[in-house]
Each structure stands twice: as structure tokens, then as C-alpha cells.
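Presented below is the structure to which this report refers.
Here the chain labels run A, B, C, D, E, F, G, H, I, J, K and L in written order, and each chain numbers its own residues starting at 1.
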Amino acid sequence: MTVKIIELVGTSPENFGEAVENAVERASRTIRNISGVDIIKFSAKTEKGKIVEYRANVKIAFTVEDGEGV
Amino acid sequence: MTVKIIELVGTSPENFGEAVENAVERASRTIRNISGVDIIKFSAKTEKGKIVEYRANVKIAFTVEDGEGV
Amino acid sequence: MTVKIIELVGTSPENFGEAVENAVERASRTIRNISGVDIIKFSAKTEKGKIVEYRANVKIAFTVEDGEGV
Amino acid sequence: MTVKIIELVGTSPENFGEAVENAVERASRTIRNISGVDIIKFSAKTEKGKIVEYRANVKIAFTVEDGEGV
Amino acid sequence: MTVKIIELVGTSPENFGEAVENAVERASRTIRNISGVDIIKFSAKTEKGKIVEYRANVKIAFTVEDGEGV
Amino acid sequence: MTVKIIELVGTSPENFGEAVENAVERASRTIRNISGVDIIKFSAKTEKGKIVEYRANVKIAFTVEDGEGV
Amino acid sequence: MTVKIIELVGTSPENFGEAVENAVERASRTIRNISGVDIIKFSAKTEKGKIVEYRANVKIAFTVEDGEGV
Amino acid sequence: MTVKIIELVGTSPENFGEAVENAVERASRTIRNISGVDIIKFSAKTEKGKIVEYRANVKIAFTVEDGEGV
Amino acid sequence: MTVKIIELVGTSPENFGEAVENAVERASRTIRNISGVDIIKFSAKTEKGKIVEYRANVKIAFTVEDGEGV
Amino acid sequence: MTVKIIELVGTSPENFGEAVENAVERASRTIRNISGVDIIKFSAKTEKGKIVEYRANVKIAFTVEDGEGV
Amino acid sequence: MTVKIIELVGTSPENFGEAVENAVERASRTIRNISGVDIIKFSAKTEKGKIVEYRANVKIAFTVEDGEGV
Amino acid sequence: MTVKIIELVGTSPENFGEAVENAVERASRTIRNISGVDIIKFSAKTEKGKIVEYRANVKIAFTVEDGEGV
């Protein structure tokens, strides 16, 4: 078994948890077999003193399937 | 005064905050005098493209009492 | 354009997200042009086995305006 | 010349060296021009007090060929 | 919005800045929507006591478009 | 579920892999439910220009059972 | 003697060196006694596959003068 | 031979060295076979602009004895 | 409550502890409410093979008061 | 007693352990009193999808003898 | 083959690239077989608000020749 | 000007400060032009629950003189 790890930045207008979930949801559209997520960094964009975008840098791990490129 | 620091991984089916709280609650069952918690890492397990377990690696600090082993 | 970065610790009795938001809100009282926030560390204070203060160390970036000291 | 770096986790039931080799072997099925490997982390899964899976997080570097996407 | 981050090594016979620019230029041939670049490491290859190849490890961030795999 | 993580240094006169295995084996004498091992650092002691002790700093994770102290 | 260290991000449309120099020049408008600069990180913004802004995160050290706040 | 590593915070009203020594002294009340100490971090608490508590985060290594739990 | 963190370098001709204390003392001249100090790095300047200046990079945390800029 | 620490990269066509051992063996030809080795990084060179050189960056510590330069 | 790695600080009144090149050039006067350079840190000295010395901490790798001490 | 940086471990039976000073003193026997010292790590050896050797890993920087090897 070989696992591949990719780095995504999920975003949300609401909170950090949703930013992570959005990254996972987006990845799962084209990747089966996601096994886990490591959160690397949280950050946020602000406008007029308010957070307008929550961001989560995540590493997503998934099993590479037979016959699939890495 | 001497403080001991242990590392736990709290888990929650709901969110990262609850994962931290669960680690603290579990520790407090047998440890008095917990003074603080440092979050080391957040991660998550996924199934079918959804997060099913939120995980928080935390370091929990507590005062070692007299006559107690470290 | 020059950006300055300062480190604050926001706190909240409720959760980590609010701790970040409070740091940004407090900074925005005297700083215009905040462009972004990096979360450096989450921690918490506990009493009697419960978290009583959520803390977020954040780096806040803002554009230094003309004629302003750094 | 441009080099791309991807992160894989190779696994082996035998030992850490084979976990690295398996990651390289798997990558080489679809990637030509692998030039080097950096080992990022070793870990292992256990069952009943025995290691049942040796794991190696590796970064694999390979030359991007003309006309190929990065 | 989801952002993907990939790691490349740009090279140049001239200087470090061009190594970064070459990595960006190579990535932009097949990736639209590159938003930013973080430089991770500079290194160089030498021959006969002279630098013959300047190298820049960079992380390139770009928005994942609708319908595109991550 | 709460997981505890402890740090051990396993040793072996033979090689690094056995040093890791010995740490796991020693831990499993008194800890059930070990789920995984992260290798933190490899080092070695030498005598007369030969390695006489291979050492592996490992972090061992195990599920804390009901009614058990952390 | 006490030294204060602040973090700035200098920017330049031309190259990384000028980004560092611009940060130092901007700081020197209001700070005397700058003794040194540590470069923390280089990054860049891109548009249409070209770098349009070179950025340098720098730590600037300067002697705090008598009677001056830190 | 297996070594266990625990993290303590020693404190002293006097200086950092004594904070380290106090952590070692406290550990040695219940742990035989301490072989070494790594200092992880120094910090201090202040009141009215004076340091009132010197703190040293230390990792203490000791040989696990036969028949003893880890 | 919001806490601000600044980085100073304290110096002493005598020893590292005094370098930390001098940074705290200097900060306390214009900052009330200093709550703690983290030591980031120790270094020293030498002349003729002797240390002539002990230096301590410290992060000083203090509560931002109402109506005060950050 | 003063200890010096040097960094070497040992290599082997066989495996990582031998790469470490070769670095120690090579150092011991001209250095007496090697006390220990810390492994900093493992890497490997590949050709045609196979590892052809195992590499180990190691830090070798040895006691500086009287009258010897550092 | 054994490689030795040494750390130098190259300097230049002109720019960072030349600081790296000067370190390599200086090393190559007495070291043959330099294979590569890793840049560890860039810094600079300033006078009157201008950079007067660009500095590059570099790690230089070179093959240890037969019969040569490490 | 080129600066070389070497790593030493100074030791003292008394305290950490003396361990640093001893490393500098030992280096200055054969090295002129030492400009500075960075402390990398403090550690200690213990016997019977007492510290018997204070250790300081230091990086010592010195100007390479004309005609001298690096």
C-alpha cells in the first residue's frame, strides 16, 4: 500500500472547522480512499477589522489505487 | 513547585474544540491541579469523504503534589 | 508598501475561534488596514478540570501608512 | 530544468528500508526521471504489541518533462 | 474556494531570483490562477569552486477550478 | 476515546529497526492497546570507532482504558 | 543596552533584495540605531503567471534609546 | 535497556539554573537511574516588573527497570 | 483581555540571567502589566577569547489596557 | 572537557544503517574519542526507479584532546 | 564516499547572491570537490538606515578525499 | 570577509554559564578572531539525582584569516 499526501487550503466565511471540512469535501470529489487529514496552519483574511475568510492549510492522505499514477 | 506535562490526544465526532475539551475532561478524572493546555496539532480521520473523528494532540500541565511520583 | 506584523494573544471564555476574532477586533480599534492573521498557537487555561479561557497567539499584518512610524 | 516534489508514504510489513524502497518503486511506475528521495518521517502501526506495518513519509523529486503538466 | 499547493524546484544558471521566476513560469504553462509563491529553501550546485546552478524550492498556490481534480 | 503518548528510547546492539522494536516490545509488557509509534530521532553510541548501541527515540500512542489514570 | 526586534514585510516590484532594502529604508524613517536585519521568509504574489510583487519578511533590530518606550 | 523520557517544569524564585536543579531533585525522589536532562525552554513569571519565578521546561531521561511499567 | 507580545534583546556584561532581567526591567519602565517572559535564544559577543556581552532574546507578554493602542 | 561536533554524510549502496556506520568508520580513521552520533536526515539517490545510494547526514561528537585545535 | 558539511558566513557589500558566491569562492581556495551549497539564513548589517553588509549563512558539502582527515 | 561557524559542547561541574565560557575559552586557544557565540542547547548529566555535568552546545563564529583553510 502506498499513500499520497497533498496540501490544500480550505476556506470558509464562517469558521476554521468549516474551512477544514470544505478542503476535505473538495478533495473527496475526485479522490476516493482519503484516510486522514493533518492541519498544518490556520490563517484568516480580514476586511474592515473583521475576519471575512477563514483558511486552513491541510495535508490530505489517501491510498493510491492500483494502476493509478502518483 | 514542580509541574508535569503529559501528551494526550483528545477525540470528538463533532469538532476540534470538543476534542480538546474531551482530553482535558479525561485527564481531570485522575489529575487534580491541571493549570493549562497547549494544543500541539489538530488532525482528523475521514470516511467516505467526511470527517468522522476530530483529533487534538494536547500537552496538559499540572502541579505535582507532595508525596506524589512524577 | 510596507507591512508590519505584531503578535497578540486573543482570549475568549467560549472557544478558539472567538479568541482569534477578539484579537482581530481589539487590534482593529487602533489599526486600520489589517490584511491578514496567522494563527501561531492555541492554548487554554483550566480550573477544576474545565477550560475557562481559550487563548490564540496570532500574528496580525497591516499596511504601514505614510507618515506613520513602524 | 524544473523539478517537482511529491510526498508519499511507503509501507512494508518488514522494515523501514523496504518502506522507503516501496514508495520509490510505486512512484517509478508512472514517473520517469526520479532523481532523489528525502525521508521526512518514520512511523509504524502496531497490533498486540508488535509492529505490523513500517511506514516512511518520503519526498520524491523528479524532473518535469517538456510538455508535461506540473 | 479551495487552493492547492505544490512544491517545485526552479533552477537557473544565473541567480536565485531567476530560479524562483523559472519555477513560476514553468508552473503557469499548465496552471491558471496561481496566486502566490512561498520560497522554502535556496541551494546551489557547484563545479570547480563556482556555482553552476542556482536552485529554489518553492511552494506554489493556485485556486482549484470547478470540475478539476485536486 | 482518549489516547496517551509517551516517549521512550529503545536500544539495540544490532540496528535501528531493532531499537524501535525493542521500545515497542518493552512498552507492550505493561500497556495494552498500543496503536502506533512515531520515530522522533535516531542516534548511536560508539566505542573505538564502532557503533555499540543503536538508539531510537520513539513516541508510543495507546488508548487510555476506562477507569485508568492518564 | 536593550535591543528591540520588530517584524516587517518589505515589498518590491523588482526583486527580493530590493524588498529587503525597502523594509529597512521604511523603518529607518522613524527608527534610528538599526543594527541589523534577519530575513525570515521570502514570498511573492503572481498575476497571469508572472511575479508582480516580491516580498521579504524581515526582523529588524534596533537599540532602544534612553527615555524611549519599548 | 529502555529509557523513558518525561517532561517537567522546574521552578525557582532565584534563577534558571536552580529551576533545572529543582526539577531534577523532585524527579529523583521517586525515580532512580536518571541519566540526563535536556532543557527545552526557559521562561519566567513577572510581577511589578520583576521576575518572581524562573521556570525551566526539561526532559528527564531514566532507565526503566525490570518489572516496572513504562 | 488581549495580550501583546514584543521581542527584546536584553544584554549584560555578567551573565545570561542578568540579560533576561535587564530586558524585563527595561520593558517595565514603560509597560505595566507584564505577565510573563519566554526566552527565545541566548547568545554572546566575545573579544580576545572572552565573553564581553551576554545576550538574551526574550518575548515579553503584557496585557493591553483599555484605550491603549496595540 | 570540550566536545566538538561535525556533520558528515555517510553513503552506502546497501541500506541506511550501513550509511551511518560508514560515516562513523570514516571519521574514526582520523578522530579518536568519538562518543556519539546523531542522525540528522536520511535521503537517497535513485536511478531508473531504484535506490542506488543510501545517504545519512550525521552529527559526530568527539572529545577534543589537550593541545589539539578545535 | 563520505561527504563533509561545514557552515560558513559569506559577506558582500552588494547583495545576497554575491554573499553566497563569496563563501563558495573562499571555501574553494582550500577545498576541492565542493558538490553543493545549502543556504541556511540571510541577514544584513545596517548603518544609518542602509544595508552595508549582506550576509549568507551557508552549508557547504564536499567529498572527503582518501587519506584526508574529516 | 568570510566567517566560519563550528559547533562545540562546553562542560562545567558548576553551571550552564560556565559551560558556555569553557567552550569559548577552549576555542580561543587555537582560534583568533572569535566574534560571537550562539547557544543551541543546554543539557546535563546526572548521578544519584544530582547534576554532575552542565553542558552547553554552542556555535562559535570566527573570521577566517587570509591564507587559512576553512
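Just so it is clear, a contact is a pair of C-beta atoms (placed from the backbone, for glycine too) under 8 Å apart; a residue touches a chain by one contact, two chains touch by 3 or more.
All of these numbers come straight from a predicted model, not from anything done at the bench.
Chains that count as touching both chain A and chain D, per the definition above, are E.
Path length between chain B and chain J in the chain contact graph, taken as the least number of steps between touching chains: 2.
Note on connectivity: the fewest steps through touching chains from chain G to chain I is 1. Taking each chain's centre as the mean of its CA atoms, J is the chain most distant from chain C. When the contact pairs of A-D are matched by residue number against I-L, E-G or G-I, more than half turn up again in G-I. The two sequence copies chain J and chain L touch through a face in which the numbers common to both fall below half of the numbers used overall.
Centre to centre, using the average C-alpha position, chain A and chain B are separated by 23 Å. As a whole-number value, the distance joining the C-alpha centres of chain C and chain K reads 39 Å. Centroids built from CA atoms put chain E at 21 Å from chain A. Taken residue by residue, chain B touches two or more other chains at 6, 16-17, 27, 29, whereas all remaining positions touch fewer.
Of all possible chain pairings, those that touch are A-B, A-C, A-D, A-E, B-C, B-F, B-H, C-G, C-I, D-E, D-F, D-J, E-G, E-K, F-H, F-J, G-I, G-K, H-I, H-L, I-L, J-K, J-L, K-L.
Taken together, the chain E residues at the contact with chain G in this complex read 16-17, 20-21, 24-25, 27-29, 34-39. Considering their complex, residues 6-11, 22-23, 26-27, 29-31, 57, 60 of chain J touch chain K. Of all residues in chain K, those touching chain J in their complex are 1-6, 59, 61, 64, 68-70. On chain K, the positions that touch chain G within their shared complex are 15-17, 41-46, 48-51, 54.
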